[in-house]
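Following: one structure in structure tokens, then a few remarks.
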Amino acid sequence: MADITDITQAKGGWLAGHELEQVRGQLPVVYIDALPVRVDPMGEVDEVGLLLRGTEEGQLKRSMVSGRVHVGERIRDALLRHLEKDLGPMALPRIPASPAPFTVVEYFPDPDVTGFHDPRQHAVSLAFVVPVDGDCEPSQEALDLSWLSPSEAMSPEITMEMDGGRDKLLQMALAHCGVLP
Amino acid sequence: MADITDITQAKGGWLAGHELEQVRGQLPVVYIDALPVRVDPMGEVDEVGLLLRGTEEGQLKRSMVSGRVHVGERIRDALLRHLEKDLGPMALPRIPASPAPFTVVEYFPDPDVTGFHDPRQHAVSLAFVVPVDGDCEPSQEALDLSWLSPSEAMSPEITMEMDGGRDKLLQMALAHCGVLP
Amino acid sequence: MADITDITQAKGGWLAGHELEQVRGQLPVVYIDALPVRVDPMGEVDEVGLLLRGTEEGQLKRSMVSGRVHVGERIRDALLRHLEKDLGPMALPRIPASPAPFTVVEYFPDPDVTGFHDPRQHAVSLAFVVPVDGDCEPSQEALDLSWLSPSEAMSPEITMEMDGGRDKLLQMALAHCGVLP
Amino acid sequence: MADITDITQAKGGWLAGHELEQVRGQLPVVYIDALPVRVDPMGEVDEVGLLLRGTEEGQLKRSMVSGRVHVGERIRDALLRHLEKDLGPMALPRIPASPAPFTVVEYFPDPDVTGFHDPRQHAVSLAFVVPVDGDCEPSQEALDLSWLSPSEAMSPEITMEMDGGRDKLLQMALAHCGVLP
């Protein structure tokens, strides 16, 4: 949920940072969460892709691909835009044919409401698992992109680097794909 | 998507009509669509509930239950709030255990983007089928609440009274439940 | 998956135990798995119901409701039959309106194929979460029926009493409902 | 559901036609139904693939890919096997990561039970939408493979060539993908 994407041109006009701040307190904000996966020829998930980022406080954080849906933008366009931005121009994401997310995550400023937490806003995020072909490379914003087996990804060393409930979302995605370790 | 619900107190403060107008152009607005259904003891859908409303232009329109999600409000709270408002205090909606909608409908001011149309805004609506027990009565805003079999509901006389793509959403809900006529 | 249900009258005729043995080696057998849950008025899962049974070897095993689908029997009829058998005549299961299971579990005699294991057969099981109202009491075959919070159900003391991968299926059901502890 | 696939070697042994006849009356038979689709870069369905076959009675029938799951065979292996058999060796089916079908179709010898009809058996079919890349060519058994837009596929000329409820299953698949015409 990098802030740099918040100052960007949606169809119909710019939404500057201070304007976004203002509307964030008035409406839930629509997001997408996408877990990039490598699948075998039978479609089974072999590996999941997690991005590593540094925070302003100097911590390392793992996350899946995530970002805001712009006004006038379709969910599938937002998925493709965020996946291409985070995985690079040579990645080939296979956006699902069905518009239904495997789950909906409700991030609240109060971490006790749902267990999913975003200090900045109330976000309603549609979560998808997206098989990705092609070569992936992390964007400038990310320090690294790791492809991990489901059991590696659910190891304590990795999940302790995921915050806001994102370790639980990862677990839900693996459950959905039938590959819980 | 009655406007009267737009001037209402969400957790954290009022959002007046003119403020809503302003943010509507800046962010997609989160909605829920809920199709009330009567089910038999094996869970199969017997009947669907459609509301009849009069428009300002004097037309009659059929619709399912629909409305905005407030900031700070959970999806399941919004579902319960809108179902109780439209079906009356004696209705017992059975909100689904899973937070995943059966589909996501993207309403745009431009009717050609997705086929789902809302002249006022870009709305991202999470759609659910909700079995309802108890006695239902239409709220003041609605003229009538009809319980129709799937084939009655999909008849041309009924679907011609549904606009903005809501006849297609009804068809998708029936398909999801395995009861397409 | 109690054997007593295997000698039973399906529409069209009896299928005795030795006949079932014979066909079990020739075709995958269709099963249902159903997790009974107690939900709050917003539909969120408060508790899950687990049956406690003694095995012939004198061990205690926890499981959800499970059983075979008969020839000529609909999935929803099989769900209702097994839930009523295991939870007693005063239970009111709310069979889902949609025929789509939240996952499909493939039990194999070889535990390494999918991690789901049934020594007797290749079973393809359609898994559902079923909210239950009314009074539940375990049938004669079960020693106990416990209603546990999601975190109690996922505690090591409980999951170690679940075999064949059923602890993983429980986790998948909780993930589907958005209530992973 | 071509009979030629019924005499085939599953892991663990042959199941000859007359043996299959015998067990068909004793257990529901597990099937898969797969709708091949061509998708655009955003994942949206552009076209669906329908096979044209001649019946013994000299009629022309349209269908999606369909077939039995063998004992010892995983659902995803059966999906890949049937898709490769019907679409040829150059087709690249993208089997879904999730094992959950978008619907379950129950075919009965009695056409009135569910509206889905198979005169030979009670079949429980797990239905999937499968994006396909690569070059597809119909197998020997099929006369043709047509790629049709959703509205072409749902036209009366096409759906009248689909029997056993397969036109309804096609409609359910399109509804699931959000592309009902």
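Per-chain residue numbering starts at 1, and chain names A, B, C and D are given in the order in which the chains are listed.
The definition used in the following text is that a residue touches a chain if its C-beta (ideal position, glycine included) is under 8 Å from a C-beta of that chain, and two chains touch if they have at least 3 such contacts.
Keep in mind that what you see is a predicted model, and the values were worked out from it rather than measured.
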By label order, what chains touch chain A and chain D together? B, C
Type of chain B:chain C copy interface by residue overlap (half), same or different: same
Taking each chain's centre as the mean of its CA atoms, how far is chain A from chain B in angstrom? 28
Whole-Å gap separating chain A and chain C, where each centre is the average of the chain's CA atoms: 34
Quick check: what residues of chain C touch more than one other chain, meaning two or more? 74, 98-100, 102-104, 114, 176, 178
Enumerate the contact residues on chain A facing chain B in the complex. 12-13, 15, 19-20, 23, 25-30, 69-75, 98-104, 106, 108, 113-114, 122, 124, 126
Parts of chain A lying in touch with chain C, wherever the complex brings them together: 103-104, 114, 168, 171-172, 175-176, 178, 180
For the complex, give me every residue of chain B touching chain C. 37, 39, 41-45, 74, 76-77, 79-80, 94-100, 102, 129, 131, 176-178
